[in-house]
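Structure first, commentary second.
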Amino acid sequence: MAWVDLNQQQKAIDLLASRGVSLQDIAEVTFLIQKDYFADLTMDFCLHNVQKVLEKTEVQHVVFTGIALDELAEKQMLPQPLQDIVHSDMGLYGVDEILALGIVNIYGSIGLTNFGYVDKAKVGIVGKIDQIGKENDQCMTFTDDIIAAIAAAAASRIAHNNGKRS
Amino acid sequence: MAWVDLNQQQKAIDLLASRGVSLQDIAEVTFLIQKDYFADLTMDFCLHNVQKVLEKTEVQHVVFTGIALDELAEKQMLPQPLQDIVHSDMGLYGVDEILALGIVNIYGSIGLTNFGYVDKAKVGIVGKIDQIGKENDQCMTFTDDIIAAIAAAAASRIAHNNGKRS
Amino acid sequence: MAWVDLNQQQKAIDLLASRGVSLQDIAEVTFLIQKDYFADLTMDFCLHNVQKVLEKTEVQHVVFTGIALDELAEKQMLPQPLQDIVHSDMGLYGVDEILALGIVNIYGSIGLTNFGYVDKAKVGIVGKIDQIGKENDQCMTFTDDIIAAIAAAAASRIAHNNGKRS
Amino acid sequence: MAWVDLNQQQKAIDLLASRGVSLQDIAEVTFLIQKDYFADLTMDFCLHNVQKVLEKTEVQHVVFTGIALDELAEKQMLPQPLQDIVHSDMGLYGVDEILALGIVNIYGSIGLTNFGYVDKAKVGIVGKIDQIGKENDQCMTFTDDIIAAIAAAAASRIAHNNGKRS
């Protein structure tokens, strides 16, 4: 097992909290998409897996980058035409999903299909955050995809470790 | 515009038909996942886009490869342990989804999230084919992912060309 | 054929020029990695294909996003710890390559392997830009990967259209 | 840590050996592409990382599937037109690289660029296997990409764990 940079992990968790997203919120999405497959799945186990996902350097880097872009858009600090594209979450803009792939790819194809589902069906907190981004001055273009990706990655982690020590 | 190998395209269409899947079936999935975004979307336009997706060499190659694997599994001609893994559509086997990425990747991130959704929600013919694979001796491990990918790719094509000449 | 937003394409070209990269420079990379496969390959044809790659909305969006991140890093305007990670082009930071995948993925697997090669072997302008990013206050963390991706995408376009009208 | 299915791992190693590829051969590729970054890199450490890569279920499944396709092509048992496409390793056929992505994706973007490099530069055993596939009746269309992917994944593993307990 590699050493874990707890400091960077905490920064990522704090950043998510500053956007109104708790690890509990993300774990709930994981629970909703996995409960039909594992009868004895608990919220605690989902939360544990969300935390493990956030230990990964690649995941932390995507969180840092995506949330920085949303925050800069809120402060009108991105250059044009990117500022308008990101702030309005333009339909054809797909860089947010591409960035999220940096999280799900490392959890294999189960992560990928779960991400597509959560992103489109807007499960739990993903739908709430998406709505906040549409209703007021906040920009959630990257944030909603990132939390969808973390939830999907945790789901994939559970599928791969089920019945095994995780 | 590149020349299109109509012969190879027809082979791919014939192969899908031999698995019980018509282009109309796939177009219906595209229609179902796109109708909420485009008020005047027609089945004809979805069908046209499914056909355009099947013009691509990469797409044809994935169809040839995936369906060959399903057919070989039905004939018990794959070596072990692959034979059992593919025929039972083992939960952790993800090569079917990876192969399908060869189709959706070339249609950008909209294709990817739509694929994840269709694959997991088992929309239309995708659900029917998945069920057939579970109920009898037929093996649909790759077939269901491939048609989900074609439908998602057509949806992405529509999103990118909407209001424009396609 | 979809309408092309010439305005956005020109913005992307201007942005690349502002980083010291001409389309000619990128076409040269494409030429270097493809000349062994096509005896009659010309620089003009490579340049034409680089231009076609830059017509795509997905490609323009990656250019806008990646170069914005490099410019913001140069102006010390990214939040920490992202500012230090991006400005130093930290070895384990892979978001630059992930973003570049948004360009190469839509050109199939030939684009992907060519991207890996150009990125690692630092062919032509990619090596020069990488060096500039290391030597002075300029930040080229995203820029070098983006031009590697455009060159690789053009190479894939040539491979797929060779002997056919492009 | 998840339980490791040593049986499946050994099957994958045996399959590679049946194609003329030892873990030592793959570790050598990893060594060649990583030695410039880590002064004290040893062949033993590369071999250890190659073995760890082969512990993963996703990796084993790609090995089983890809090598089965090469073997079936050698026995003329694939349906047409796939038989000719795979046996001749047709230039535009990219399913072999896509399958290999199932290995490298789970090791992040460092794995991806290394894979592109090894695949195109044909480092060590990758070049030898590619040559064997071209010279006689053996088909190495998938085998060469799979070993390139394993070597690249091991390289990424080393980069991520360097200076840390692995």
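Order of writing sets the labels: A, B, C and D. Residues in every chain begin at 1.
The definition used in the following text is that a contact is a pair of C-beta atoms (placed from the backbone, for glycine too) under 8 Å apart; a residue touches a chain by one contact, two chains touch by 3 or more.
Keep in mind the model is a prediction, meaning the values are calculated, not measured.
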item	value
Longest centre-to-centre distance from chain B, chain (CA-based)	C
Selected pair, greater C-beta contact count between B-C and A-B	A-B
Inter-chain centre distance, chain B versus chain C - centres from mean C-alpha coordinates, in Å	30
Centre-of-Cα separation between chain B and chain A, whole angstrom	27
Multi-partner residues of chain B (at least 2 other chains)	57-58, 92, 94-95, 98, 101-102, 108-109, 160
Residues of chain A that touch chain C when the two form their complex	8, 11, 57-58, 61-62, 64-65, 68-69, 71-72, 77-79, 81-82, 85-86, 92-95, 98-99, 101-102
Chain A contact footprint on chain D (complex, rising order)	1-3, 57-58, 102, 105-109, 160-161, 164-166
Residues of chain A touching chain B in the complex	33, 91-92, 94-95, 97-98, 101, 108-110, 112-117, 119-121, 159-160
